[in-house]
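Right after this note come the structures.
Each of the next two complexes has chain A plus one more chain, namely chain B in the first and chain C in the second.
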Partner chain A sequence: MAIDLSKHYRKTNDLIAREIEGELVIVPLKSGIGNLDAEMYALSATGIAVWNLLDGQSTLEEIIKSLSEEYQASNEEIKADVIELLDELLSKGLIIER
Partner chain B sequence: MSDDSADARPAIKRIDSISLSSQALGAIVKAFTEKGNQIKFTARGDSMFPFIKDGETVLVSPYGQTQPDRGDIIAYIDSSTKDLIVHRIIALTSDMFSAKGDCCLQKDPIQPQSNILGYISKTSPPKSAFYENKFTKNGQLISFLSKIGFIQFFGIILKYLDKTYKNLIGFHEDNQLCS
Partner chain C sequence: MHVKYYKVAGITVEVKSDFPIGESTFHLKFRQFEVDAIGDDTVHIEHHFYIPESIETLIAEGNNIYSKNQWKILKIDNQWIYDFRSMVQTDPGHSAMGVFSEDYSNLSVFTTDITRRKYRNAKFHSLALFNSDQIMFAQLLCNRKGAIIHSNGFDINGRGILLMGASGSGKSTLSRMLKARGAKILCDDRIFVKSIENEYWIHGNWCHGSVPDTSSGSAELNQIFFLEKSTTNSIEEIQDKKEILHKLLQALIHPILVENGWEKTFSLIEGMVKRVKCYRAKFDLTGDICNAIFNP
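Now for the complex of A and B:
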């Protein structure tokens, strides 16, 4: 699925996320049940910074701008990393378009 | 974020319950049950042998409107170690409980009931409906037998027979009886 910078993305409601030992552990819910052996993910510390901004309120472009200010890096550098992460989050069904 | 180090990049990786510490597993199970959701994971160790074997999948369900009862196999977080424990309730008061692994000699330290995350409502491979109803929840008789050490004795015999059978057919494993 192509990532569109002008779109809003948000986390799906069907998951439980908990920060543990510096990583965000994410477990999708299937019919209200989580299966730790079937599907469980760990998001890195910088991934958490992106994850926290995926609230459906800002466009991806705005999120990238905000991250580039926070991390004092160019938009282009941030964009490549964020698009790669969002692509994975979308393919795993952890985020959706607002 | 654009650091040379791979760790600095925003990344997501797949993990499984075996790779988590007991404390981390407890925190995740708690996150599920406090929101009223059920959670499945792989049980470790043979402390609940023969009812739950090492490597079996257990389903933890929150109590919701029901109350913990003597004989229930529960998942709880130990107050001092913060480890996730799956053992059977052998005694309880209005706010405290005592649990024990069926295959363990010693009882666990007394804990507040607020440490209970939920009860084991299913195991996989699946057992019979009789087993599910009588041995994992409200298993008062099993609780008594566990308390007097019978299950542990019974477990040793079953373990011995299991090991002997596996030796006969050439299957090898290195399991601890009570971990």
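Now for the complex of A and C:
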């Protein structure tokens, strides 16, 4: 699925996440239930920084700008990482367009 | 009704049946788990040899939760319906329908696929008449600060150890070497873990892998070894908690869990990551690694 930088994305409500040892462990649920083959995902610190901003309030462009300021990295560098992560989160159904 | 009792990881399973339960109704491996009566923590299984009409209603009205391979699982009100269709036609039970209570402490199993005579000598591998009791115990353990971990477990002079690793990492090879040197196996491939006041206990059980190599023993979990086949032998403590977290999550056998169940499971894993010493064990086929495991 193509990522549109002008769009707003947010986490789905049907998941459970818990931070353990600095990693955010996420399990997708279906109607509040995690299945036998439900896969777990773990995000590291940078992934968590992106995850926390996926609240549907800011466009991806705005999120990238904010992260590049925070981490003092170039927009392009941050953009590549964010798009890669968003691709994965979208394909796993963990985030949706607002 | 006819009754037998089995105990594992502090949980007594009362099995009641419409048919007489023979010495060979359940596989020989169950003998070491047999007890005389119910315990403080008892769950109940009933075997019935008919399909009640009410089940058809439950299936028609239930919310389809899972449908894959031999399983169809539905939820209706405070009951879980497990429709098991065996893919192995030589299985004595073939197919069975299970109706679990919300907390899995009561199970009624219905099947028409077996006669009274066959039941007596069926050598079932599962008290629930499914292909394994793993699906039931994963739920029961979750409600008791526990979980099932994909690993081989041993009791070595009172120390509980777990061997973990992906397929081909050498769990079976190292298990054979440890057994040859007197280590007591708790279970091959599946270990029940329970947390008791920040201690972790590992329990032998009958939900083994391909080999019914199991015992009814328990031990306090002392060390976890993540295995790597090598041409040398070495044991190195893993300091990176994130690495331990990832490895434990990979080895977790989780049931169908509602949100609250996941919270409990995460708490167990988090505690294990913090408190259990974990090692990377590289080993060759000389068996020299066993000395280091026996004498830490």
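Going forward, the second predicted complex is superposed on the first by the 95 of 98 C-alpha atoms of A that agree within 3 Å, B and C clash if a C-alpha of one lies under 4 Å from a C-alpha of the other, contacts with A are read in each partner's own complex, and residues count from 1 in each chain.
The working rule: contacts are C-beta pairs under 8 Å (C-beta built on N, C-alpha and C of every residue); 3 or more make two chains touch, one makes a residue touch a chain.
Because the structure is predicted, anything quoted here is derived from the model rather than measured.
Contact with chain B, but none with chain C, is seen for A:Ile78 once the two complexes are overlaid on the shared chain.
A count of residues in chain A touched by chain B and by chain C gives the higher number to B. Legend: residue contacts after superposition of the two complexes on their common chain; A:Leu67 is shown touching chain B, with no touch to chain C. When both complexes are overlaid on chain A, the residue A:Gly22 reaches chain C alone and has no touch with chain B.
In the overlay built on the shared chain, the residue A:Leu43 is in contact with chain B alone; chain C does not reach it.
Applying the stated contact rule after C-alpha superposition, one finds that A:Ile33 touches each of chain B and chain C.
In the superposition on chain A, chain A positions 16, 18, 20-21, 25, 27, 29, 32-38, 40, 42, 44 are in contact with chain B in one complex as well as with chain C in the other. Contact residues on chain A toward chain B in their complex (touch as defined above): 16-18, 20-21, 25-27, 29, 32-47, 49-50, 67, 71, 73-74, 77-78, 81-82, 85, 88-89, 92.
Against chain C, the residues of chain A that register as touching in their complex are 16, 18, 20-23, 25, 27, 29-38, 40, 42, 44.
Per the touch definition, chain B reaches chain A in the complex via residues 1-2, 7-17, 20-21, 24-25, 27-28, 31-32, 35-42, 57, 59. Interface residues of chain C, counted against chain A in their complex, comprise 63, 65-66, 68, 71, 73, 75, 135, 241-242, 244-246, 249, 254-259, 261-263, 266, 269-270, 273-274.
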